[in-house]
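I'd like to ask some things about the structure below.
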Amino acid sequence: MTEPAPENTTPEQAEMPFAVVQGAPVLQLPRDLYIPPDALEVFLEAFEGPLDLLLYLIKRQNLDVLDIPIAEITRQYMEYIDLMKDLRLELAAEYLVMAAMLAEIKSRMLLPRPVESEDEDDPRAELVRRLQEYERYKQAAEDIDALERLERDVLVTQVDFSERKIVRTVAEVTLQEMLIAFKEVLAHAEKYAHHQVEAEPLSLRQRMSDVLAAVRENEYRPFTSLFNAEEGRMGVVVTFLALLELIRESLIEIVQSEPYAPIHVKARAGRVTEDEEDSDEQ
Amino acid sequence: MSNEPPALKHVIEAALLVAGRPLNLDALLGLFDEIERPERSEMRAALDELAEDFANRGIELKETASGFRIQVRASVSERVSRLFEERPQRYSRALLETLALIAYRQPLTRGEIEDVRGVSVSSNIMKTLQDRGWVRVVGHRDVPGRPALYATTREFLDYFGLKSLDELPTLAELRDIDSINVEIDFDGAEEAVAEAVAEHAAAEGDAMDSIEDDGDDRPQAASSS
Amino acid sequence: MSNEPPALKHVIEAALLVAGRPLNLDALLGLFDEIERPERSEMRAALDELAEDFANRGIELKETASGFRIQVRASVSERVSRLFEERPQRYSRALLETLALIAYRQPLTRGEIEDVRGVSVSSNIMKTLQDRGWVRVVGHRDVPGRPALYATTREFLDYFGLKSLDELPTLAELRDIDSINVEIDFDGAEEAVAEAVAEHAAAEGDAMDSIEDDGDDRPQAASSS
């Protein structure tokens, strides 16, 4: 909100004193101030529509919205409408609709009213309702505008943190979760007889993987180099069984150039793929 | 610098300063592994301490809808904003009134906004409100044409420094035309306050006062531009 | 907030916190009109005070070539960095099943996993498992298409706290356990494995002796790198 420029007399009703004397309305209406035509244009454009203009006319005269002197307000309203027409301002249709409504209320006010009048019988009731409804949101808009808001009133702090470490986190999982998941696969797999998953020593499976990872297809590796005596008899047995299983699954080849010559092992697979290179880096 | 681990409030301070967004309690707790994680009550206490530390400074701790942020106080912002050439955008009355209607009466259609304001609402205004992220379409009214229903967003609350819609300024009471002839008694006055907004009628106290004051009690009504 | 004007150091602090760039002495002096502008010496003194205020805090005042800036101290930097972590998603059931199948049936191909699971295995799952270092390709099956053979890694064992795959429950045990308790007595499982191996070995009795002699000189090279 800004202070109004002196000559513009912008219609900021909030700045007007508001002192209604109920039951004794001030009938001595202040004279309209003279407004130069160019200022008038700015002035009129400042209104947010007919309700806004009406509210201005009412508040300017310290009148209560609930008790509008319709004849007088209608006269003033029409003066502004005529002015706008004279100035060839583009007049929104809503202004004319309001003019018609005011004229209608005025004529109904002239009719004699029953003594016990219900409020819906007051010809002004609908207008009063609309004016009040508009006024409260007009006020609410001013209240919202007055809230401390970002950029205009408060600034958000932001410290540069470009040197931050990029932390990549990965999902965590427990062994238990994995086993439960697996149990369900098993249950599923068992429904299909041809996919029986048999019990077998896992160390054999692991050793198969280890051996397979250690041998290359285009490189003969001494058979004996696959064994580690430090593992003891059991370890050696497991390695051997792993080799047998790998041969059975046609995953490795055993080569012996002549009887009693050293035995060599190589992978049956052909070229080393990129996959393999990648996984070897780990 | 000493080798002591930094105080919780100083971790919070650093986090809020670099985050670039408001952080809620959970986000702050998320800075810690489970083992070392402070209790929520400790976190709250540390936030209180931090707010106190800022008491006479140019910055303040503010909680809004999305969480906590550290902001420069209004009293210092004006000077500091000299750093920026760009002036903050100003908003027209038409836009603010439209925003107010959506805030207090959400969800509602453009036609319903126009009914209250008595003039048409330009598409530009609706677009600006949505571009700013203050307003969004939350559905469509089940009437011919299926007009969009608008509501305010969390960004709206953050921008205006509110924790929730409850913190919006109280809407003025509607008075009944009958009250002209009756001793002023506003107790029975209109309760048809916007559905989405909590009623603050009690807190507002005497409706007459609020009308007479006409906004005098609002925080710093006209000073900032 | 009191009505006193904020201390110079607090104006500086606020300015540095919102500027988004380092501010030199001239930029800071530019916040003030000529009449109210502090002396350079006052500005320097205020900067020194501010730097002192920051001692023991999570932030510090730093002078760089282009001016002063406030930055996060190394001591809290790591913790605060967590704000920028991407929240990890939980692994899907499909991924866990795939991992378990590889663990129990290795080495095996994707097609073989699919046969057991009855559904296809997405490339994404295989990639995630390999990125995580839990699974690797150890070879290719010599069949048309030469599919990759997958196996678990040492990292897999480490992650799940296993010394070897033998510590996993046997398939038979898995079937019987309703809710699997990971702390089951693995000794029993090991024994079962040992027995199975022994039986197997007994059947292949002859071969065993000769191999024993051969394996002396070379360390087993197969464990994953």
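A, B and C are the chain letters, set down in written order, and residue numbers restart from 1 in every chain.
Everything below uses one rule, namely that a residue touches a chain if its C-beta (ideal position, glycine included) is under 8 Å from a C-beta of that chain, and two chains touch if they have at least 3 such contacts.
Quantities reported herein were computed from a predicted structural model and do not represent experimental measurements.
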(request) Write down the chain pair with more C-beta contact pairs when A-B is set against A-C. (result) A-C
(message) Report the chain ID whose CA centroid sits closest to the centroid of the full protein CA set.
(response) A
(request) Would you kindly tell me how far, in whole Å, the mean C-alpha position of chain C lies from that of chain B? (result) 40
(message) For chain A versus chain B, what separation do you get between their C-alpha means, in angstrom?
(response) 16
(message) Based only on mean CA positions, could you tell me how far chain A sits from chain C in angstrom?
(response) 30
(request) Identify all positions of chain A at which a residue touches two or more other chains, and write them in rising order. (result) 155-161, 164
(message) Give me the residue numbers in chain B that touch at least two other chains, ranges are fine.
(response) 14, 17-18, 59, 70, 72-73, 77, 80
(request) Please name which positions on chain A make contact with chain C in the complex. (result) 155-161, 163-186, 188-189, 192, 195, 197-215, 222-231, 233-241, 244, 249-251, 267-270, 273, 275-276, 278-280, 282
(request) Please give the residue numbers of chain C that touch chain B in the complex, ascending. (result) 1-2, 6-7, 10-11, 13-15, 17-19, 23, 27, 30-32, 55-59, 70, 72-73, 75-76, 79-80, 82-83
(message) Help me check something: in the complex, which residues belonging to chain C touch chain A?
(response) 14, 17-18, 20, 59, 69-72, 77-78, 80-82, 84-91, 93, 96-97, 99-101, 103-107, 115-118, 130, 132-133, 136-142, 146, 148-149, 151-153, 155, 160-162, 164-166, 168-172, 174-175, 177, 179-182, 193-194, 196-197, 200-201, 204, 207-208, 211-212, 214-225
(request) Mind listing the chain A positions that touch chain B in their complex? (result) 1-3, 14, 18-19, 22, 48-52, 64-67, 92, 94, 98, 119, 122, 124-125, 128-130, 132-161, 164
